[in-house]
Each structure stands twice: as C-alpha cells, then as structure tokens.
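Okay, so chain A shows up in both of these, paired with chain B first and chain C after.
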Partner chain A sequence: MVKNGQGRRILYAILILLFLFPFFAPRFYVYLMSLVLLYGLLATSLNLVLGYGGMFQFHHCVFYGVGAYATALILTKTQLHPIFAFLAAPLSGAMLSLIMGIICVRLSRLYFGMLQISLGSLVWAIVYRWYSFTGGDDGIHGIPVPEIIGSTNGAYYFTLIITGISMFLLYLIVNSPFGKTLQGIRDNALRSEMIGVNVKLHQLAALTIAGFFAGVAGMLFVVVDTTVFPEMLFWTLSLEVLIMCLVGGWFSFLGPMLGAAVILTLRTIVSTYTVYWALVLGITMTLVIFFLPNGILGFLEERLMRGKKADA
Partner chain B sequence: MLEVIGVSKSFDGFMAVSRAQLDVKKGEIVAVIGPNGAGKTTLFNLITGLLKPDSGKILYKGEDITGLDPYEIFRKGISRSFQIVNLFMRLTVFENVQLSILSREKRTWSFFKGASHFFRDETDHVLEQVGLKEKKYTLAGFLSHGEQKILEIAIALGGKPELMILDEPTAGMSPEETFRCMELIRKLREELDLTILFCEHDMDVVFGYANRIMVMVRGETVIQGTCDEIRCDRLVQEAYLGVTHE
Partner chain C sequence: MDLYGFLSQVLVGLSRTVILFIVSSGLSLILGVLRIPNVAHGSLYMIGAFAAYSITKFFGGTDIGFWAALLGAPLFVALISFIAERAVFQFLYEREHIMLLLLTFGFSLIFGDLVKLVWGGEYKTVAVPKVLQGYVLLFKHLHLPLYNAFLLVLGPIMAFLLWLFVNKTKIGKISRAAAVDREMVGAVGINVSWVFGITFVVGCFLAGLGGMLVAPTISVTLGMDHTLIMESFLIVIIGGLGNIWGALLGALIFGLAQSLGILMWPKFGIVFPYAAVVLVLTFKPRGLLKSTW
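Then we have the complex of A and B:
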C-alpha cells in the first residue's frame, strides 16, 4: 500500500501533521493522540499473529500489561537507570509470549484461543492479587518518568517516535520472507508443511515478536499515563484491541492503527454522554461485520482498486 | 529411485493400504490407477510423510525415508501436488511459488529485507515454464480451477524436486485443459529431468503418458507393469476395467 506514490505522499502528510499536532491541539487531545498511537501499535502487534498469522490470539493484552508493569516496577522499586525500565517491557512481553506460545501453539484455531485466554487470565489473577508486589487492584500511580518525557508533549513525542520505529519494523517483518511464510501458514498450514516449512516454529517466532511489540506499547502507556492497573491485563481490553483490528481492517497493515483511532475517539465522545459505552461498541462491531467485513481500510483499498481497474 | 516395500496403513481397522508394492525408476512416468477408495491418495500421503505407515518400508535413492516428517521429505527432493486444490489463496501467484523456493533455500527466517528481493528470476522462470507468468500478480484464489491445478504443480516445482508426485493432476479439467496439462507435465519431465509418479482416473491419459502402471484395488497392489502388460492382465480387467470373462 505504501508502495505507490500517492499512498506514500498521504503517509508523509500524516506524519508531518502528527509531528506538528501539539502546536495547535489542546493538551487533552495531545494526550488522546498518544493513546491512539500506542493502542494502534498494540493492535498492529496483535494483527501480526491475527491477520497475518491466522492465529486467534484472544488475550493479547497480557503482554501489554506485563510490559507496562515491568517498566512501572523498575521505575518505582529500583534505582536502576530508566533505560532498563524501558528495555524490560518488550523483553518481558516477548519472554511471556514465548512461554505461553510454547504451551498454546500445539493447539489449533479456537482451542489455541481458549487456552490463551485461560493462561492470560492466570497472569491477570496474579497481578490482581499480589498486593505486596504489584499493588493489587489499586495498581501503581505517580510513576516517576524521566523529566524530558514527563510532560504531555514530551510523552507525546516519545510515543510518536517509538511507535513510528516499531511500526516501521513491523512493516518490514510483514513484507519479509518470514512475513510471507507466516501468511502462507495462515492460508494453508498443511501445504506450508508440504513445501518444507516448520509451521509451529514460525508461529512461535511470530507470537514472540507480537509479545515484544505489545510490551513496547505497555511501556509507552506508563510514560503517557504514569499509572498501571490490573485492568490492563483483563480480557475485556484484549477484546477491545481485537475489535480495533477488525474495525480498521485486519488484512491491511495500517488497519489496526485506524481502528484504534476510531474506537478511542468514539469512546471519548460517547463517554461524555452515557456510561453504556460497551453497548455502542457492540452496535459498531455488528455494523462493521455486516457492512465492512474487511474493515474500514480494507473497504477503502477495495474501492481504490476497483477505481483503478475501471480507469484501465 | 523410489521403492515402496510392503507398506500398510489402517484407519480404525479399515485397511486403506495393505502391503503395497511400488517401484519407480529414474526418469520414468509411473501411474497408479484403481477405483475410488483403492488407497491411491493414502499411498501418496504415506510416501510424502503426511501419514506414518503401520508397517513396511519406503526407500528413496536407497535411503530409508519411512516415517520422516513432510518437510524433511520435501527437502530430499520429493514434491507433490494435491488432488483437491491446496494453495495459498490470499497470496499472489508469484508469492505462492516464491514461498516454495524460499522454504527450499531455508530463507524463511529472514526478517527485515523485503521478500520481493528474493529469488525473483527463479520464480519468474518457474512461472514461465508452466505458463502462468501473465497472471503473476493475481491472487491464487481468483484463478480458474484449471489454472489453480497448474499453480499446484508450479509450487511443487519450486522445491526443485527430482521426484514429483501428482495426485490426480487433471481432476475437474475440461478435455482440452487435460491435454494441455499432461503435455506440460511431459515437457517439464524432459526439461528438468524429473521422475513422475501420478494417479489418474482418465484411462486415455494414463495409457497415453505413463511408462508403467501400478494397479491398486482395496489397498492392495494387484500388479505393476508396462501399459501392454496391464491391458492384457485378466485380474485388472475384472477388477477395474469392468470386463468380465465368461
């Protein structure tokens, strides 16, 4: 999609707008945009295994939450240099993902998803109950973030840069031989095996990478919000991220990012009027499934392709 | 080149393949025929490692490959195509074949370099050989049935095989498509020095292209021989060709 000139120009324009955003937008919107970016990254990391890998990772937020907690705990409980706190998030996300992956990857499809939810909920229960270490259901507040990224704008630019780099890396991975192999496995695991691909090992690697970038997103949340709480690992959040992928378009690289923007904006607007946000989310989801089965971006791309064919 | 010695496989007590015998010499085109349910596909699944035999031995170039995993057998130079189309439907024709080459060359663990830089020429070459080059940017799912069957063969070719196993390569094709497909297979065999093992229901195809034929009935090998031997064999005529002797 980024290959053609027009797509690239649009992308550059969006990047420039994002860089200038804090100069004209009020503080709350800068904060909101930071959330959109990091949730977008989280959804994109999920989509690596969901849309490109065809694995039903129903409980992806575990890695996000664990990454966030790793950063928060190192920043509050140790005297280590903050850089270790930031590095700990992706590493712990990847490590947990690898361990859970080894257990889950032997199952296929729905069973994979169910076991994944169970194991993830186990991690949530530990974080929720271990008061002395994680703060239990209170979470941890007022996490001391280094000064340079402590302000709203500082946190925004930090998030923008890290998200940008991560998205670029994910884009490379999706289009690499590994990414293509993963898509081959999604389309036809049996045939992949017949042409000599070690299917489970590739799936495991994809899960680990997805866990890594979910951890990055968790770390960014700590910087933006300076809090962590157990709900970050709760499965309802995982569902919301899954919905972001579906709404934006899970067969498009930037679909989940767009989905994150749509869902978070919608939530912010709806929450000012009613507490029944979940109801609105449900209706939105139903409408998308019926009318845009490939998501918003998938729909737009299809229209664009059809337009081009009509021209030719 | 390939030797199947007394291989058996049963599913819940049903003998799908029973003491099957088969040998394929280098450069031959060997056909396996038999009525539906005779165990032809099961035999192919056993050779390519999708199923493990209960007993018996499979030798490839004198080496025992019984019970190896599919990817190991693929890397030894045995590729196969499937009776029911078995493609990567959401990938392009080009990517379908490229994936097979990437896997053969063990490059699937490359993370950051664009896949489009890998094995471009070789992929194009394979597509040209099978005549799918004009369709290279089409998604596999959008091809016609005949084209999908050809792509099946192209994916198998990507593994640079020495032995190609084709499970009903012309199933569901029109007579004209069948003819083109078989001519393609004959051409590939000559150009690439392939050995081919296939099964087929169309007797014109079998007798027109095979050097030798193996007949299976109810999982057992009835006979293996040249076309003429098969035509004259009484048992085959009774069991398969439908001729009864008074």
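Then we have the complex of A and C:
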C-alpha cells in the first residue's frame, strides 16, 4: 500500500496535518478527531480478524468496553498509578478475547458469530446489572484522568500517538508471515491445514491481538470522554463498527480508519439538521452494500488498477 | 414464597415463552430457508405492537378493536416486509451472511426511525379486551391472569399451524426443498424467488403477530426491538437453525431461565438466559435439534 513514493508522501502529509490540527481547528473538532482516531483503531483491530482473518466477529465491542471499564475502575476505585489503568485495558481486552476465542474458535462462519455475540451479551448483561461495581446502566462519569492528558488537546495528542503506534504495529502484523498465513486461512482453511498450518491456533492468536487493540481503543475513549457506560458493550455498537469497516473497505488496511472518519463526520453533520440520524445511516448502508460492496477504498483501488491496466 | 405463587410465576413466564416462540419461529423460518440473519425482524415485531396500538385506538378501545388488531397488525407488518423483500432483499440473496446482516441492520435502523416519525417517542399502552380480563382459577389457590392463559392456549395452536404450513402445504414443502438445494428446485421449474418471497413474508407475519400479542402486557415503546431480536437469535441458534421445534425448545429454555432466574436472584435475573445459552452452545455448538443447514 505505501510501497510507492507517492503513497508514502501522502501518508507523511496526513501525519503532519494531524499533528498541527489543534493549532487551527476549534476545540469541538479536535474532540471529534480524537473520536475518529480511536474508533478507527477499533475498526482496524476488528478488521484484523474480519477482513484478514475471515472470521465473523459480530460482537467486537465487548473488548473495547471491557478495556474502557478496566481503565475507568482502576482510575476511580484504586490509588494505583494511572499507568496501571492504561496497561490494564489492553490486557483485559486480550484476556477476555482469548477466553471467548477458546470457546468459539472451533465453530465457523455464522455459528462462530452467534456464539460470540451470545458470550458478549452475557458480559454486557453482567456490566449492565452490577450496580455496586460497574455503576449499572448509569455507567461511571467524571473519571479522574491524569492532568497532562486531561485537556482536549492533551487527550488528542495522547490519542494520536497511541493510535499511531498501534496502527503501525497492526500494519507490521498484517504484513508479517503470521498475517500472510492468516489471509491464507481466510481464503482456504482446508488447504492451509493440509500444508501443516495450525489453523485454530492462528485464529486464536489473531482474536487475542484484535482484543488487545480493541482494549487500547477503549482506554483512549476513557481519556477523551472521561465516561464509560454499558452501551459500549451493546451489540448495536458492534454492528456500527462493522459498518465502518464496510464503508471504508475491509480489504484495505486503512479502509476501516477511513470508514470511521466518514461515519463520524456524517453523524456530526446530520445531527445538526435532524434527529433522524439512524434513518440516514440505514439508507447510506443500503446504498453502500448495493453500489460499493468493497467500500470506498476498495472502489478507489479498483479504479486505480483499471487505470493502470489501461495505460499498460 | 408459597408454592402457588411460584407456580403462577412459572406459568406467567411460560406465556412470555409463547411470544418468544412465535417471533423466533418466524426468524428461524427465514434463516433456515433464505439464510438471511434478519436483524430487522425485531423492528417488525415493534411495528406490530405499534400497529396494534393504532388499530385498537381507531376502534375506541372496544373488544372488536383487539380482534381487528390481532388480524390487522400482523397483516400490516407482512405488507411492509413484502415491499422490502421485493424492492431490495430479493436482489441480494447470494451475498455473504455478513453483508445480509449489515443490510438488515440498516433496515432495522430505518424502521426504528420511521416508527419514531409516525408514532413519536412516548409510551403507548394497549388495553386487554374485556373478555380476557380477570383471572382463571386453575387449582385451589392457583390464579392466572386470563390473558396469559389465552397466550398459553394460543402457543400450541400456532406451533401446530406452523407445522401444517411447513410439512403439509405445497409451498411449505417447496421452501424446505429450497432450503436444502435452491439450484435444484429452480432447475425443476419452480420460481424460487417467489417461494423465498412468500416464506419471508410468512416469517415477518409471525414477528408482527408476536408484537401484537405482547402489546397488552407491556408498555409499547421505541427500543423494544433491540433486546428482543438478540433473544430470538439466541433462541434460534440453541434450538437449531431453521428447525421450528428447535425454536419452541429454545424459547422454553430461554423463557424459563429468565423467569426462574428473576425469582431466584432478582438483581442478576437478566444474566441467567444468556448463561443458559452459553452452556447449551458449549456442549452442543450447532444447537439442540437438527438444523436445516
């Protein structure tokens, strides 16, 4: 993707713009951009198992929510150093993902997705009801975030740096031999098994990594928004993140990030005019599924390839 | 709690199971034959409940209004699903499950906002008809609300009618054949697209019927689709995809786990049915009964 010089130059330009963003943008847009980055990271982590792994991870937000709750609970209920709160999020996300993965991974396709969504709903139900520990359906508000990242700009730079590092790591994983094997399993699990690949183990590892980075995204949400609430683990949010992957294109590495940016920007614009945002999103989705089944980036790449073929 | 109170709680729980069964059997039919994980099913259930409110209101809250709603609300839902199926879904049957899941999720978002647009966001209530008010005395001290008894009678009847439709009618037989091998059914000269359309509409009719029947027992409100659709998906999965009796068994497990869970541990009652589902799927990952695919 970024092998050619032009693509790399565009990437550097975007990074510089992102670093300078708080200097010229109003506060609300800085907040919005932080959300775009962390939802983009969440969608990209989902895409590791969805687009590259070919697994129907229907309920990815559980790991995001659990990571956010881990950070929030340590910050509010204990005197531990905040660094533990930030480390707890990815670790709890990865742990939960590993446990759920062990139960689900022997199933395939729709059955995998359904068992995953029922396990996730179980976690949601516990968080939703356990008032004394998680705050129940009220959630936790006004979480004391360390001062240096407490301001809007501080939170933005923290999010930008963590997201940047995470995206770089995910990029390395996708292009590593492990990532290539994962794509091989997606395309033909039986053949991969025949040439001696441990399919289930690779899938389990991918699920754990995806849970890890979903936890990172959850931790970032706590820093940006200083709240957590049980809707973060509800299945509708998971499907919204799936939509982000779809809109951006789940066969491209940066597709989900673009999808998150498109959906969140659209939501902000539409919400200023009408309360019927869900209606607009539903219609957009239907149109995307009909006309852009590979997402925006997939469509552009296809166009680019066609152009190159015509030149040659 | 005394034994009679306990038993009547179980019976009330069972009558809720009837509604879960009716909605899930429709979902199961659509999943089994068309292979669409129809997230919009819950929204159709919600529309059924709101339509029941409008119809009973039109008749001024009389008993005739209830019976008119019993027929009219599901038919209204069936009409909506017919339009959606012919206009959009029929072109996308060959797509991946995940695309269909997202497409139907898109429709559930659209339906949800349309309900908000038409009926507004306030709570609505539907009165139990006068004939079905009051209690029945089943045993010495065992009282049961008459409406719940009505549901308990209706459940087996619906199961029997559905069994008739799937096993004894021509269209039911064709749809079962199409569930196994749709290309072969097309090759012998049957218009598979219409078979799928009819099956879809029948499934959605059941969603509307479930919504209509639940309306007198709860307050009808936006968002009632979200928990229900998750519950019916889980019921269909633990019962076995596409198996009508599986939907009945799954609804029984889910509904009883719910009502008994609330009796035993009120705070975490909501957790029990999900735990039951996880338990079933850990040992029988493809559902308790044989699935159609």
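Here is the rule we go by: the second predicted complex is superposed on the first by the 312 of 312 C-alpha atoms of A that agree within 3 Å, B and C clash if a C-alpha of one lies under 4 Å from a C-alpha of the other, contacts with A are read in each partner's own complex, and residues count from 1 in each chain.
Going forward, a residue touches a chain if its C-beta (ideal position, glycine included) is under 8 Å from a C-beta of that chain, and two chains touch if they have at least 3 such contacts.
Keep in mind that what you see is a predicted model, and the values were worked out from it rather than measured.
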item: Contacts of A:Arg129 with chain B and chain C, given as first, second, both or neither; value: second
item: First, second, both or neither for A:Ile243, with chain B first and chain C second; value: second
item: Partner chain in contact with A:Val66 - chain B first, chain C second, else both or neither; value: neither
item: Partner chain(s) touched by A:Tyr111 [first = chain B, second = chain C, both, neither]; value: second
item: Which partner reaches more residues of chain A (counting touched residues only), chain B or chain C; value: C
item: Contacts of A:Ser176 with chain B and chain C, given as first, second, both or neither; value: first
item: Which superposed partner A:Ile143 touches (first chain B, second chain C, both, neither); value: neither
item: Which superposed partner A:Leu279 touches (first chain B, second chain C, both, neither); value: second
item: Interface residues, chain A side, partner chain B - complex; value: 169, 172-173, 175-181, 183-184, 186-188, 190-198, 202, 205, 251
item: Residue numbers on chain A that touch chain C, as the complex places them; value: 50, 56, 58, 103, 106-107, 109-111, 113-115, 117-119, 121-122, 125-126, 128-131, 234-236, 239, 242-243, 246, 275-276, 278-279, 281-286, 289-290, 293
item: Contact set on chain C toward chain A in their complex; value: 37, 39, 88, 91-92, 95, 97-99, 101-103, 105-110, 112-114, 116-117, 226, 230, 233-234, 237, 241, 267-268, 270-271, 274-275, 277-278, 281-282, 285-286
item: Residue numbers on chain B that touch chain A, as the complex places them; value: 48, 50, 69-71, 74-75, 79-80, 82, 86-91, 95, 98-100, 102-104, 107-116, 118, 155, 158-159
